[in-house]
Amino acid sequence: MAKLLYFGRLSDITGAAEESLTLPDTISTAGELRHFLDLRFDAQGALLEPTVRIAVNNELCFDATSISETDEIAFMPPVGGG
Amino acid sequence: MLKVSEDPIDASALLKAFETEAAGAGAIVSFSGIVRSKATSGGVEHLFLQAYSPMTEDGIQAAMDEAQSRWPIVNALVQHRVGEIKAGETIVFVATASAHRRASFEAADFLMDYLKTKAVFWKREKTDRGDAWIEPGDSDYADAERWR
Amino acid sequence: MLKVSEDPIDASALLKAFETEAAGAGAIVSFSGIVRSKATSGGVEHLFLQAYSPMTEDGIQAAMDEAQSRWPIVNALVQHRVGEIKAGETIVFVATASAHRRASFEAADFLMDYLKTKAVFWKREKTDRGDAWIEPGDSDYADAERWR
Amino acid sequence: MAKLLYFGRLSDITGAAEESLTLPDTISTAGELRHFLDLRFDAQGALLEPTVRIAVNNELCFDATSISETDEIAFMPPVGGG
């Protein structure tokens, strides 16, 4: 199962900051997962916003990046501390 | 020196330790970011800061390395809190040391712009009117653009 | 708060006191100027700083007032030493506090440029090769020109 | 007598940071005093440099400013602290 992380305001939509998910066979890229999850949570595009970046195993990636069952996949809205 | 932790930040103690570490430098600049009790909407009770380790630390370290390569600074320190931080508490402390003052000022300014707009943190504000996630504002992004 | 005196400067203690004084501010910047042991010529044993009171204090106060009028800073502190100051000791400490960081950075930077080039002090350097009066350098004047 | 102060490198030339002086009758302005002292200390123009400013009773003044026996008159080479 892949480990999914939802940061910042995204966890308000998903209801949890973290979950484990068996990736459906139809999903092989980060972009496909993004679309799948947006529908699954009825997020109405919140997960599709270009400002929401995806990291696979702690590395920022493009939507075209391949993902697999052993990956940690993080959904990251705009960041900022201090 | 870089630390991201739930521990309270004592700016005064950190400055003292940094002075020792940076012995020989002629100019030390420090920045303390403190949670204000006035927010966009209503009074702030606390902030909640979320990080994503080790991405958060790696990114800050890369910014510190960039600062060291852009300015002749001899030491830099970043300490950032995560978790719940009450109004009046220090959320971030940055210090830079160099031979002459310009490098210390610019490197500290640069590091704060990184921390405000690019560091991997998410910030939730709890006010007397409820909770809200806060993302960087236009002026933060404009500040960060100065270093491109 | 302004103090020109022979008393040693404890930047850490001053920052702590300033934090209390500036309660409610979101951003505090501090600058410490430290006597370096390397000089233009040879190793520095100490500096000797001369002031002309009350002209020295009046001028710094006017610069602090100007900083307050140019930036929305809520507090400013300048402490400057005179007399004999050994290598490694702090010669000047400046702190500024404001709601947002840009004002604090710029006001502290402005005050340091004033102190380096316009404040009424004369500086004598005692090195292992003798004594020499030091006047501000071109880079100091160039820095100060930024605020015109 | 007027009180004269010589700051910074000027005290190396005058041999003292401070002195009391009865102003000669021929001297009525800061500029005249500046010339008189430059000759008296054989300062070879060090007191005449335009970067050397004069303050009368803690106020910067022009060479044309009048001075009197009760004044404190300071000779100030370029300043700078920090």
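Just so it is clear, A, B, C and D label the chains in written order, and each chain counts residues from 1 on its own.
Criterion: contacts are C-beta pairs under 8 Å (C-beta built on N, C-alpha and C of every residue); 3 or more make two chains touch, one makes a residue touch a chain.
Here the structure is a predicted model, which is why all the values come from computation and not from measurement.
Averaging Cα coordinates per chain places chain B and chain D 50 Å apart.
The distance from the centre of chain C to the centre of chain D, with each centre set as the mean of the Cα atoms, comes to 27 Å. Looking at chain B, residues 33, 101, 112, 116 sit in touch with two or more other chains. Residues of chain A in contact with at least two other chains: 82. Interchain contacts link the chains end to end along an open line, per the touch definition above. Checking each pair of chains for touch leaves A-B, B-C, C-D.
On chain A, the positions that touch chain B within their shared complex are 5, 7-9, 12, 55, 58, 74, 76-82. Across the complex, chain B is touched by residues 11-13, 15-16, 19, 23-37, 88, 99-102, 104-105, 108-109, 112, 116, 139, 143 of chain C.
The touching residues of chain B, when paired with chain A in their complex, are 33, 49-50, 52, 54-55, 58, 80, 91-92, 112, 115-124, 133-136, 140.
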